[in-house]
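Read from first to last, the chains carry the letters A, B and C; within each, the first residue is number 1.
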Amino acid sequence: MEQAGTALVVARGLTKAFGSLVAVDAVDFEVRRGEVFGFLGPNGAGKTSTMRMIGCTSPRSGGSLSVMGMDPAAQAAEIKARLGVVPQIDNLDIELTVRENLEMYARYFDVPKGVAGDRIDELLDFVQLSERAKDKVEPLSGGMKRRLTIARALVNEPSLLLLDEPTTGLDPQARHLVWDRLYRLKQRGVTLVITTHYMDEAEQLCDRLVVMDKAKIVAEGSPRDLINQYSTREVLELRLSDEQRENLKTSLDGLAERVEWLPDRVLLYTEGGEATLSKLTDSGVNAESALVRRAGLEDVFLTITGRSLIE
Amino acid sequence: MAAEVATARDQPVSVHRALKLVRRNLLAYKHFWIAFVSGFFEPFFYLVAVGFGVGQFIDDVSFVGAQIEYATFLAPGLLAASTLNGAIFDGFFTPFFKLNWMKTYDGIVTTPVSIPDIAVGEVVWATIRGTIYGTGFLAVMLSLGLIHSPWALLGIPAVMLSAGALSAGAMILTGFTKQISSLEKVMTLIVFPLFLFSGTFFPVSLYPRVLQPVVQATPLYHAATLLRSLTTGEVSPATLGHVAYLAGMLILAGAIAIRLMRRRLVS
Amino acid sequence: MSASDVVVRNGLVFWRGWRASFFLSVLSPVMFLSAMGLGLGSLVDEGQSFGGVTYLQFFATGILASSAMQSGVFSATYPVLSKIMWQRNYEAMLASPLSVRDILFGELGWGALTLTQLSVPFFVVMSIMGIFDSWTAVATIPVVILVGLSCAAPVFAFTATLQTDEAYTWIFRFIVTPLFLLSGTFFPIQELPAWGQVVAHATPLFHGVELVRQLTIYDIEPSALWHLGYLLALLGIGVTLGLRNLEKRLMA
């Protein structure tokens, strides 16, 4: 029996290499029972490779990995039996209907027939696809397919749910529905591991996260802790004309704790954005546009790596 | 460069899990049962057209020393050929698309069912389907008066063995064919010649001396000759040789196919 | 911009794989003719039944016409449906100055090229094997192309109306295969029961086979005009329907 506070996934020096290309470079992390754990990073950072190693569909090249106390190299089938996976690209069975996809999954997991029927009804209701149960999969919208994949991942009542970029490509309404379902799962005690490159998703859902960039983990902590550690409370975003950029190259430094020069904007990191903006206008500088906002994980990533999350 | 850790103990094949693929295919075919039923007609059309149509112009043909009617000669050959056709379709064509195009198997391997289970399951499915068609064709042969011996009852297990061996061979093709462009090459250079050089439409003795041993080494030749021996009653110890060949092929091809399929989807 | 642009685009796609494709399309007929034609040929009692030619000649000329039919029909099924529905190439083409007419004629033009590429090697192999008896055999290539296109056009019109590929199973199993087997390729249609012969006369492959044989191994008769007329009429009907259906489908 797993106790509260146990680590469901433990990785030490976990590595994945494809020939000479290192996709995951000796990373360490732990996922604790009952939390929502995130991998945040741009495309190509190594998130999907890491997820596939946890999901036992890709062998690791080095280091150690333990999932629910078992080693994927030795006990893949047992681990998979307790796992739910929502992949980045849908792989629903298009030759079957919505309901049949869930029925077959119940069989793959050896869910007893009597139990399966009721559970499938519940799941279809949970993801709001009950009316589409008899439809073929192909005509469904992207959001519906994603919801079906989530329902499918829950057929075996997993202790651990892996979701790779769960809302990429969905419209805002669909995204919010998915977030809501995931939040309810968390309330039921399911442990979730999510990868994403959306900072709002990471901030909204994750209890803790690691920031990945170029195969390594570059930061770790809760969203709030990371922002406090790597950024100020607020950010003043300015758009300046080329002439203004020339003139102000050095003189902005005194106004804020950090200044980040992006190709199209300048970011001033400060505890009080409005105050900084006033100081700026008082000194005679009128930017083409100015925006004051709260700092987010995008800024954390920018601070650490010098690049933005979305390229 | 570190070697990959998981080769330490690959998940062994489980028949219980493999059979789930059979279940899945049955479920899918419920939606296009017409395709299932219509597959029966093709060999029948060939039998009528070539066996009786062209057969009008053909005298008796020799088979292991006996003289038999052309239609009687052709029918078991067609049975074997359509079994091969089914094996290629269910063991190569369809799994190829499920694996590389439709992502069906991607969805399954996150469950305890692994790729080797899938390979075995698809071969079992192909065998079942081939046996059903084969049995139907045998019934047609009986009604057309083309069966001349009670040995033909063993035709059903013989079809099952042939379907199994040929499907396992087809799964090897799935194991190493990765792109659609390769599909055409495989069909033309491997599958198509198998049909043509197999003693299906006419006796092996008609091939040039040099080619005869080549023909006799091919799997379809053995399946066709085995079935022909059973339906004509020309059974001899040599018949066991064909059984041995097919059984050996089933085992060997099966092992190779599983090995090749393990490497797919694992990256 | 015109139909020739459609041809060029197909050509670009084809160019990349042409060597392999060419090799394969020569190999298949050679293998098939040697195995089936020679094999069956040595079994068959010839002479009276085949109008004074060997079975090999009879069979090979039939196969020439029927492989054009099969190739033509196939090229109007999956590849076209794919361009309409899954890869949506036609949609992309229509966003340029190309019209539906250009698309259809472009595909026909490309089909003609493909059929040429299919039949020329076949033709050369058959010449070497001494199958042809007459210099009019040269006219076979355009006739074979016509057979392929006449069979492709109606199928193209049908494909333009489809939402799934389910119907194709029926087409291949119950139309293409029986046509292939029973239109006089393997044996003269006189062997069919009377009603069967009537049906054969209504189908394109029979006419294609007859025409090819008259040009290559038999004497040309007035009926050649009838066969030719049938094929041209079928092509015309197919193209007309195809234009109408494709227009409806893509411009709706």
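Here is the rule we use: a contact is a pair of C-beta atoms (placed from the backbone, for glycine too) under 8 Å apart; a residue touches a chain by one contact, two chains touch by 3 or more.
Source: prediction; values computed, not measured.
Chain centres defined as mean CA positions place B nearest to the mean of all protein CA atoms. Distance between Cα centroids is largest for the pairing of subunit A with C. Inter-chain centre distance (subunit A to subunit C, centres taken as mean C-alpha positions): 54 Å. Inter-chain centre distance (subunit B to subunit C, centres taken as mean C-alpha positions): 29 Å.
Centre-to-centre separation of subunit A and subunit B, using mean CA positions: 47 Å. Residues 15, 17-20, 55, 57-62, 72-74, 76-78, 80-81, 83, 85, 87, 89-97, 100, 103-105, 107-110, 136, 156 of subunit A touch subunit B in their complex. Those residues of subunit B lying in contact with subunit A across their complex are 1-9, 11, 17, 20, 23-24, 27-28, 31, 102-104, 106-114, 265-267. Those residues of subunit C lying in contact with subunit B across their complex are 17, 20-21, 24, 27-28, 31-32, 35-36, 39-40, 42-46, 49, 55, 166, 169-170, 173-174, 177-178, 181-182, 186-187, 191-192.
Interface residues of subunit B, counted against subunit C in their complex, comprise 32, 34-35, 38-39, 41-42, 45-46, 48-50, 53-54, 56-59, 61, 70, 181, 184-185, 188-189, 192-193, 196-197, 201-202, 206-207.
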